[in-house]
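One chain, chain A, appears in both complexes that follow, with chain B as partner in the first and chain C in the second.
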Partner chain A sequence: MLESCADPSSLSGLAWFACYLTTGKHMAFYLSFGTVLLLLVITAPAALLFGFGGALASRSGIAPLRWFGRAYIAMVRGVPEIIFFLFVPLAIDQGFEYLRHKVMCPDWSEPIRQGNDFVVCTAAKLPLNADPQWMHEIYGFLLAILAFAIVYGAFAANTIRGAFDAVPRAQIETAQAFGMTGRQVFWRVHMPQMWVYALPGLSNLWMILTKATPLLFLLGIEDIVFWARELGSMKTRAFAYPHPNWQLWYFLGLLVFYLGLTRVSEMVLARLNAHFSHGQATLAGRGQGGIGR
Partner chain B sequence: MKNKSNDPVIALRELRKSYDSLEVLRGVDLAAHEGDVISLIGSSGSGKSTLLRCINMLEVSQAGDISFCGAPVRWRGEGADRQPADRQQVIDMRTQLSMVFQQFNLWSHMTVLKNVMEAPVTVLGRPRAEVADEAMALLGKVGIADKADAYPAQLSGGQQQRAAIARALAMRPKALLFDEPTSALDPELELEVVKVIRELAAEGRTMILVTHDMRLARDVSSHVMFLNQGVVEEQGAPEDVFGSPKTERLRQFLHATSPAA
Partner chain C sequence: MKSLIKGVVAGLAFSVAFSGIANAQTIRMGTEGAYPPYNFINDSGEVDGFERELGDELCKRASLTCEWVTNEWDSIIPNLVSGNYDTIIAGMSITEERDKVIDFTQDYFPPSPSLFVALSGGSVDLAGGVIAAQTATIQAGFVSASGATLVEFATPDETIQAVRNGEADAVLADGDYLMPIVDESNGELAVVGQESIGGGIGMGIRESDAELKSRMDKAIGSMKADGTLNTMIKKWFGDDANVF
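After this line comes the complex of A and B, so read on.
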């Protein structure tokens, strides 16, 4: 904090405002924008990975793998996201702790489930009670990422599966006719052509994912929504910077942030789309002479 | 695998293929020696395209033998369960039998040049620079060197088919399989493709050609086979097949396909 901000009550006008916007809590608020971006940057590739896994599993020739893939897609698609976001971190957390408890504290005789409580030995806690606060926050954040990746991975899986199926059979067959192995067909023809069909769906998904980031708030992570509510609410004289209810302005700030984010996304996605559909005989690809020239 | 003595490049014996209860090929024999140009003619549904696709195993036949340069394809299973026993054998065969399709089937995400280079580089593992030079030469040969960097969708049908022929040649195949190469083309575009096919025939390349173009079949073939309902109804030198057809069916077919005189 700036030197001149030492005594807020003596400030007025711009100086007051400048000091107000640089308080520790505001710094945390600004950082939480980073949290949102970090979530997106990690979740998107993770969801894509889950998506590929799910899509390949659901198209697999191995029956159990196929059932697993289809069940994954069907289950996640059929359940409201919010419920999944609440369920997954809790289930994973308890699952880990349960396993660790069984391994680390074999002598423990009390049942783990005691009525409404979930009790494991201290050593099995994740993270350990003794761990510093940041470990707890990172752990929570990781669980959130996992939840996001599982849910959006299922949607991605469905899109990708559809895209794999949309590639014309003749394109694949031709590759086979030239002596390509299954692997070569997949990497040289099937996969590159799949993108043209997958991209519109995945773009949409990215937008939905972007707009779903405030769900972090539900998972108890101090994200931008949390801070906007916190900082925007009325501050009485008990606070260093008293002000009336400014939530409207804080939420307006979030609105602008999200609009900017989606605008940038749209620009990047448009470029990607142009790249993948280049030369294709689709309207986007402008392959047939005359159209769009 | 050098083609020793006079084993045919492709030999079929008693080949049978059915889809469920529908018999498409009911015992077909064929022998294509080096330099042969064999045309398969017949009405739609006579099984000629299926025959071609059985040769490079895009379709699995249910009975009969396929030999490539004297080496019979190894099978496992019987009848409807029959499958090639050796994947590698199938792949080896396919690398030496290049196919040209009715709908061209150029890979839509690659430029024309990349299309021609793809299989020699990926499948044969030949050096990229060397293949690129050869590919450019082949594109020049079929007359579309200036389209090397265009995408297939930016070309006319005739240009696409010529690119597909260049792609097939780039594999330096022992034989070329043409599946109705001109059927999807307008008459004037057809001519430019026909010209290329004539040149290839004149070079002494081994080719099996499924076609609706009787003039092409008559001009380029060393041997013509007329398929009807899954069997070879009549075959012989083009002069005989077109000049003095013996069977009533062939006469009817030729009458129906010849331009109104």
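After this line comes the complex of A and C, so read on.
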């Protein structure tokens, strides 16, 4: 904080704003943009991995694996996200703590479920009660990534499954006729052609994911929407910088951020689409003597 | 001297280990952070307010280290019973319904009236109009039982917005939260009614955590006895505030 900001009530005009916009709370707001971008950058590949796994499982020749894949896609897609985010991270967290409790405190005699309470021994807490707050925050962040990856993975799985089915049968048969093994057919012909069909659906998911981060507040993670609401809300004289409700301005700021993010995403997705379409027997690819050559 | 200190430390650690809160010297205090002057996030991003000052003092008297965490009001009880933090200190009135799920310490804030606030100048039908209140509060319960139409919001700030933009005819909330807002609204808002709902405010603690509850009870008792609690209430809520 700047030294001239020691007494905000004596300031006015630009000086007031300069101090106001550099408070610790505003710094947390600016940092939360980084949190959101980091979350997106980690979650997107994680969700893609879940989606890919789910798609392969649901198309598997092994029946139990196929049932598992189909059940995953059907169940997770059917549960409202807000319920999922209230329940699953808590359940995952309690699952971890339960396992640690069993390993680390075998002598504990009291039950873990006491009425409404979930009680594990102190050493089994994750993170430990005495751990600094940043460790709790990182842990919450990891839980959030896992939850997002599971939810968006289910949607991605269905998209990718459809894309696998959309690859023309003739392509696969030709590859087989060349004497390729099943593995070669999959890696060299089937999967490279799948992406072009999956990309529109996956890009939809990405755009929805970028706007889903306010759900993080259910996990105690403070994202940009939380801070915009908190900073913009009316401040009485209990605060150093009292002001009326300014949420409109903060949300306009978020609008600019999201429009920018959308623009960048579109540019990247267009390049990806051009890359995957190259040489394909599709209208976009203009590869195999189709129209528009 | 060093070994003496070591001995004392070991003795303390031993007694704490036996007191049930096995070496959990650190207690996580859960609050909402959106209800000034009870609790709010100040301009440097820290939890601040009456309950921050009170909680720090209670922890000192109970010889505990306290870490502050914020959680949204809606899920504040589920996260307590699940063990994400150890206390709720968030302007939560002691009610029978909540007492079935969690335990409360003795009250650290006496019963204080709730107010109806509306745009000044109009006439408001408090019994049959549209009244805003925060979700899962005693005020929301009161409105829904009163016959008026209840509109609920997740945060206290949104209830005020609803009155300002005409979505609700009036808001019902704790007077201590509403009064500074009315005073600073330049006559835009006015108090149009008063209601006495609920008892005092206490600290919420897991039912299985009897040890922590008794330590906090004792600390609150000692603050009541030496008058520091009343001084603190007057500091944050003004000289007219109800005291013990």
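The criterion applied here is as follows: the second predicted complex is superposed on the first by the 281 of 293 C-alpha atoms of A that agree within 3 Å, B and C clash if a C-alpha of one lies under 4 Å from a C-alpha of the other, contacts with A are read in each partner's own complex, and residues count from 1 in each chain.
Following the convention adopted for this analysis, a residue touches a chain if its C-beta (ideal position, glycine included) is under 8 Å from a C-beta of that chain, and two chains touch if they have at least 3 such contacts.
Quantities reported herein were computed from a predicted structural model and do not represent experimental measurements.
Chemist: Looking at A:Met180 after the superposition, I want to know if it touches chain B, chain C, both of them or none. Which is it: first, second, both, neither?
Modeler: First partner only.
Chemist: Now for A:Asp223: first (chain B), second (chain C), both, or neither, which partner does it touch?
Modeler: Neither partner.
Chemist: Looking at the overlay, what does A:Met27 touch: chain B (first), chain C (second), both, or neither?
Modeler: A:Met27: touches chain C, not chain B.
Chemist: Does chain A have more residues touched by chain B or by chain C?
Modeler: Of chain B and chain C, C contacts more residues of chain A.
Chemist: Just to be sure I read the superposition right, which of the two partners does A:His278 touch: chain B = first, chain C = second, or both, or neither?
Modeler: first
Chemist: For A:Val189, select first, second, both or neither according to whether it touches chain B, chain C, the two together, or no partner.
Modeler: After superposing on A, A:Val189 lies in contact with chain B but is clear of chain C.
Chemist: Which of the residues in chain A come into contact with chain B in the complex?
Modeler: 170-171, 173-181, 184, 188-189, 192-193, 196, 276, 278-281, 285, 287-289
Chemist: Inside the complex, what are the residues of chain A that reach chain C?
Modeler: Residues in contact with chain C: 1, 8, 23-25, 27-28, 86, 90, 93-94, 97, 114-122, 125, 129-130, 133, 136, 217-218, 220, 229-230, 233-234, 236-242, 245.
Chemist: Of all residues in chain B, which touch chain A in the complex?
Modeler: 56, 58, 87, 91-95, 98-99, 101, 103, 105, 107-109, 111, 118-119, 122-123, 150-154, 167, 171
Chemist: Note which residues of chain C are touching chain A in the complex, please.
Modeler: Touching chain A: residues 21-28, 34, 36-37, 40-46, 49, 65, 67, 69-72, 75, 78-79, 81-84, 86, 101-102, 155, 157, 160-161, 164, 180-181, 184, 206-209 of chain C.
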